[in-house]
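The next part holds the structures, each set out as structure tokens.
Look for subunit A in each of the two complexes below; its partner is subunit B in the first and subunit C in the second.
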Partner chain A sequence: MVLKVFFPQCCNRADSGLLVGRWITGHDSAVVLAVIHYPFIPGQVKRYIQQMQAQSGVELSVLGSWSLPKEGQEGMESFLRDLSTIFPQERWLQISREIGKTGFICEIMSQNGKKVQQEAKNKSVEEEKDTGLGDGEKEDEEKVIFVHYEQRKVMLSQLHPTETGDHDPKSEPPSELRQMFQTVAQSKPLFFLDKYDDGPLKSTHWQSEGREASIIVELLKQATVPLCLLVTWLLSIWTWICNIKIFSFWPLHFLSSKLSTCVQLSYRTEHMRILSSPKPAVGHTQFMRKANILVSFLVDVALGILLMSWLYRDNHVSVLANTLVPVADHVAKELEELLQWLMGAPAGLKMNRALDQVLGRFFLYHIHLWISYIHLMSPFIEGILWYGGLSACLGLTFALSLLSDMVALLTFHIYCFYVYGARLYCLKIYGLSSLWRLFRGKKWNVLRQRVDSCSYDLDQLFIGTLLFTILLFLLPTTALYYLVFTLLRLVVVLFQGILHLSVDFINSFPLFALGLRICRPYRLAEGVKFSVLCEEPGTALHLLMEINPLKGSTVVQTYRTPTYSCYPRDSWAALIKKLFVGELIYPWRHKTTKTD
Partner chain B sequence: MEDEAFTDISGKPITLDCQNHSSFCREFTVSSPKVSIGKVMVYTCAVWLFAYAVFFFTQITAVLSGAILITLVGMMFHIHFVKVDHESLLVIGSLGIQVSSSYASGREITTFIEMSKIKDIIINEAIYMHQIIYYLCVLLKDPSEPNAVSSVVPLFQSSKPRLNCLVKVYKSCQEILSKSQ
Partner chain C sequence: MGPDGAPGPTVPWRKVLWERQPFPDNYVDQRFLEELRRNEGIRQYCYWAVVKEAGIVGQQLSCVAIFITLWLYMEQGLLPPETLLWISLASALLGYGLHQALTSHDESCSEPHTHLADLQSATIFLSFTFGFSPVFKTLTESVSTDTVYAMSAVMLLAHLVSFPYAQPSPPGSLSLNAALFASVCLASRLPGTLHTFAMLSCALLVFALWPCLLQRLRENASRQFTGVCVGVCIAGVGGLGSQSPGGAVLLALALGCVTLLCPLLLVMLQRHKDNIHGPWDEAEIDEDISRFLH
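Moving on to the complex of A and B:
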């Protein structure tokens, strides 16, 4: 069996002393966390380790001894070997390093049959002294791998996929690397002991370079408490307003579920509730979720304020309002021309003249109504835009949602045309399909949900066939109107869809996680990678363990905030089928289709 | 340390480099041949001649600058995402197996599989285009069922060495695996 020793890089040049760390049970590996220097009082070391164990919850123990002989420190070897009797352990590692050599020499002693082992050891040591070589025969029996790791990075990194909640004791224990990462991360209290402290114990391990900025961090932490309370209070008022009876009545409730501004408002409320919860985030996933929401909220507000500063500078609002009415007029004029074209012989097609004229006049009247509505509205448009622009201070997403709603209201006539066309078309398609069945002497059995054969009277067949013919010959005219207005509708839906997607992108994009991935790649670890360090003959194998950062796409996938776009959408085939049959399409999803 | 010449499935020469770091730690590196200058010239010339032909008939200069851009971006894309310079397999007894492939631009993709997850290393057969090839792969254990295989990680995916090379790697891998289990 090969023994693995995880050794921190910062202890490479530490003075001789004791190795403090943890044996990983069941994996035959040891994690070295710190080196406690000589001289020390064994009782104090034991008390210190117990204290640290209580604080960190890691089964800390003295793993063995570490010696890096310097001038005038001869005879340390035997002393360090005697230490194994003071700190009784099942196995005792004795790691030594010689000046001028990069490799370590490791010897292992076991508790059972200690004397025999020790004698053998002594002999081998004597042999070593004679021959001057570092490895005895012991090396071949039990091999050692030294895995060097950077303590700080391993302590701060989070191995993916993250574990959810408490570990189930029934399932098999976490893997060796995960245990090693957990051990280093949990033994943070061990690293608080400063190199320059005047304590009874001195140790080498990773220690933070300085905590100058920590005062600001602490002040910020203190400041967030009243802020959170304030936000919670505001939220409670807001939810109270939302829960008033009036809002749950049918028209208002229906409207608010369809207006994207209201949907965005409910999302933002939910996010603020998560952010302002007084409980600190438990676990990595929750912390990342909170941080992502906070960063995307801040970015959103910053973008919104940028938009506002552009909007209210140089009177851009009135310029926008002045261009909006002519644009609406222009659209209406183009639509009128389109209808005129359709009422003639569009693309050389010969339509049913009477139906064509009726439909065309109907739509023309609608456009006329719409234009007068817009002109009635025109004095107020600037005011609406001015006040609507204020919503940008809540964030760019609000401004975009408001824009989407305004587009929906301003293109209401297109929606109306589409609905009329679609309904007419749908009616014809259904009529044709049922009459086609009659034509073949069959009918739809509602009770059994299937097509049965049926014997019709001659009159029925005559009328049915007549109607079928009429419908069939009128179909192209309706289909043409339907096609044109569906295309118009699709343009509007596409525009709204783009707005919704961008809002959703700002809401759900994990900016914090991505920033962490770019600036501190070791924080989000996908795994580890090993590289072989230079090996000298006669020493154990030395590996360097580096952290393999998570891929960018995985970061986005793992940490994106769930919003409505995360749910599966209608497939393209379903959309095309809907368009073909004449069912209505919406930029938002129906509640009923979501459950399907 | 030894270098041996083998061929991949399409007959191109590749080199296998075995490094014995220790009795339980070995590294195998399969290096593919470098991009030949002739090939680069042929592709570049083809794109540029085509662009020049289009320019000759249409007199649009944007086509020429577009062709230059396309060749540059194409080359960068090729060396950064497509061309694998060498693939290596590091087997460390009782610790795990590390698979890494480094691209011609220096980008390296590394995955480490822990020994507790590994079931075995085998040579498998697969249908590739119109031929049957052999490949080396790592079988991963299913955490719920100890005897089932949850997934397969193919090794040397881009260089695709022939069977004689795979057998050599397989034998020395098995030597280490059998020792550590």
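Moving on to the complex of A and C:
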């Protein structure tokens, strides 16, 4: 068996004393957390350890003794051995270090005081590694491996994948490494004991550089309380306004669920509610979530204010407004030309002239209506833009959502055309498919979900065939109109989709986690790596444990704030099938635009 | 005698599998060919009976020819649509009366819906066709004439191929639909709306109602049925001859081939029929195997 001792690097040069730490149950390893120096009163040590145990919830115990003789100090051997009787333990580690040597010497004593292992045996660990001998002949001996760790980093780091809150007792206990990380992280109260405190006990462990520096943080923490209260109060008013009965009526409710600004508003409300909740974050995941939301919010608002400063400088708003109306006009003109082209013989295709004329005139009338609408609106466009630009102070996402909504409103005619075309085409396709079955003397059996043969009456056959002929010969005309308007619609949907995608990106990107990964790589650990520290003959093997930081892609994947885009959506095949059959596609369900 | 040349043992061979015998598995003895049977349940055809039965194929061919002839007349403006409508009406009434007369022989009043339902159907046909005839008129305007002709030809051929010659009374869906499709294509090339309407009514008469009457004739007046078939064939050849003599010759050849030559071939080739049945286990699949396909 190999005994692993996790030893903090900061205790390397500590004065002699007692090793405080924890035996990890189930695994043959011990975690050293601190060294309590001489002189001490054993009763006080015991009380202190009990107190710490109550505070941290870690099964702390005295693991053994530590000796680092200084000049003029010697002859502690017997005293150290006697200590094991004062603190009765199953196993007693007796670690010593000599000045001038890098390696430690470890002796393990069992409960009855018998020396289990000699220092010389430690050497065999390395020998065995070199010669590759089996454990057979040395089975009764215990070897010791020292794993040096940096206490601060291990305490602050979070091992991934993170565990869910409630641990299932039936499943296997967490791994040794995870237990070790947990132990170090939980025994934070132990590290509060300051080196310069005038207490009865003195100990060596990691300690913060100075708690005075955190006064600003404490002040900020105090300041957030009234801020949270204010935000909560504002939120409650906002929720009350939202819940007024008039908004739950059908048209308003429907509109608000489709306008991306309203959707963004509801998400922002939800985020603010999470941020302003008076309860502190429980657990690592929730803390990261809150931090991510906060950082995204701040970045969003900063970007929004940048946009605003650009918009209101040099009268950019009126320039935009003055270009927007001609652009919309131009789009309408282009559409009109497109329709004229379709009403002729587009691309040499021969369409049914009568239907072509009817459809073309219908759509032309729509464009006429649209142009009058635009001209009616044009005096107000600048005002709308001016006030809409104010929404950027709530964040860039709001400005983008507003832009998406405005694009949707300004291209409403394209949407109308698309819906007419799609409905007509859909009707034809369904009619043709069922009449084709009639043509072959079959019918669709609804109960069995299959095609059955069927004997039709004479009049059914007659009328069905005539309708089939009509639909078949009119299909190309309808299909062409449908195709052209679907392409136009797809362009608009693509543009809106890009806007939604960027809004979604700002909303859900884990900026805080990524920043943490870049500035403090050890905070998010994926695992550890070991490197051999010293291979001095006659001492135990010393390993240095370093933390492997989490990969960037994993960070993004783990800490992405879940938003509406994370829901499953149509695959490309389903989308193409929908387009072919003539079902309507919408951007607000995020069906066409999300390209992974 | 066994294929593997087994030694002739004293034990006689028995055709059983449950008993161990000193023969190889594929052994058969001399009695094997005694059970061979040839041409089981064969029907000896008589030439004139076959010709009579083949008459219905010939008359259907002629019906298509008559329809095409009428369309040719209409297209060249030789036949005014009013005339065609009147002729159609008269023949429809005549045919309906005949149909009733032939029906009343056996099942007189088993179907109480007849007159009113027939009138209703006729109203639906006529109003629908009349209402949609302007649409039919412009339907294939932009389609090339050659395409229309090719489509009509293919569809009429499909009609002839899929026509239920054994039982024409409930018209087969595919055959009727193909014929109607072809007639819509042809009718859309006619000069006027009324022409289209007349043509479609005529198509209804020829392709939908005439087979019903023909079925009645075949069931109840088989002697007259032959005469009717011959009459229709002559009318078809004659009608087509007035427009294109070459077509008439071709049609006459086709009719002769279908009604005279093909039965002759059938009867002559019947001598060569050699269908053997025997004691072997022939795989005869008479179950519905479609369920295994899924």
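Assume the second predicted complex is superposed on the first by the 547 of 596 C-alpha atoms of A that agree within 3 Å, B and C clash if a C-alpha of one lies under 4 Å from a C-alpha of the other, contacts with A are read in each partner's own complex, and residues count from 1 in each chain.
In this text, a residue touches a chain if its C-beta (ideal position, glycine included) is under 8 Å from a C-beta of that chain, and two chains touch if they have at least 3 such contacts.
Note that the structure is a prediction, hence the values are computed from the model and not measured.
Engineer: May I ask you to decide whether A:548 touches subunit B, subunit C, both, or neither, giving the answer as first, second, both or neither?
Structural biologist: The first partner, subunit B, only.
Engineer: Return first, second, both or neither, reflecting whether A:440 touches subunit B, subunit C, both chains, or no partner chain.
Structural biologist: A:440 sits against subunit C, while subunit B stays out of touch.
Engineer: Taking the superposition as given, does A:530 touch the first partner, subunit B, the second, subunit C, both, or neither?
Structural biologist: first
Engineer: Let me test your reading of the model: by the given contact rule, A:50 touches which partner, first (subunit B), second (subunit C), both or neither?
Structural biologist: After superposing on A, A:50 lies clear of both subunit B and subunit C.
Engineer: Is A:257 touching the first partner subunit B, the second partner subunit C, both, or neither of them?
Structural biologist: neither
Engineer: Is A:145 touching the first partner subunit B, the second partner subunit C, both, or neither of them?
Structural biologist: first
Engineer: On the A-aligned overlay, A:175 touches which partner chain: subunit B = first, subunit C = second, or both, or neither?
Structural biologist: first
Engineer: Identify the partner contact of A:459: answer first if only subunit B is touched, second if only subunit C is, both if each is, neither if none is.
Structural biologist: In the superposed model, A:459 contacts subunit C only, not subunit B.
Engineer: For the complex, give me every residue of subunit C touching subunit A.
Structural biologist: So the residues of subunit C in touch with subunit A come to 121, 124-125, 128-129, 132, 135-136, 138-144, 170-174, 176-177, 180-181, 184-185, 200, 204, 208.
Engineer: Of all residues in subunit A, which touch subunit C in the complex?
Structural biologist: Answer in residue numbers: 350-354, 438-441, 455-456, 458-459, 461-466, 468-470, 473-474.
Engineer: Could you list, by residue number, the parts of subunit B that touch subunit A in their complex?
Structural biologist: 21-25, 27, 90, 92-95, 98, 100, 110-112, 114, 116-117, 143, 180
Engineer: Under the definition above, what is the set of subunit A residues touching subunit B in their complex?
Structural biologist: Interface residues on subunit A, with respect to subunit B: 1-2, 4, 27-28, 143, 145, 147, 171-172, 175-177, 527-530, 532, 535, 541, 543, 548.
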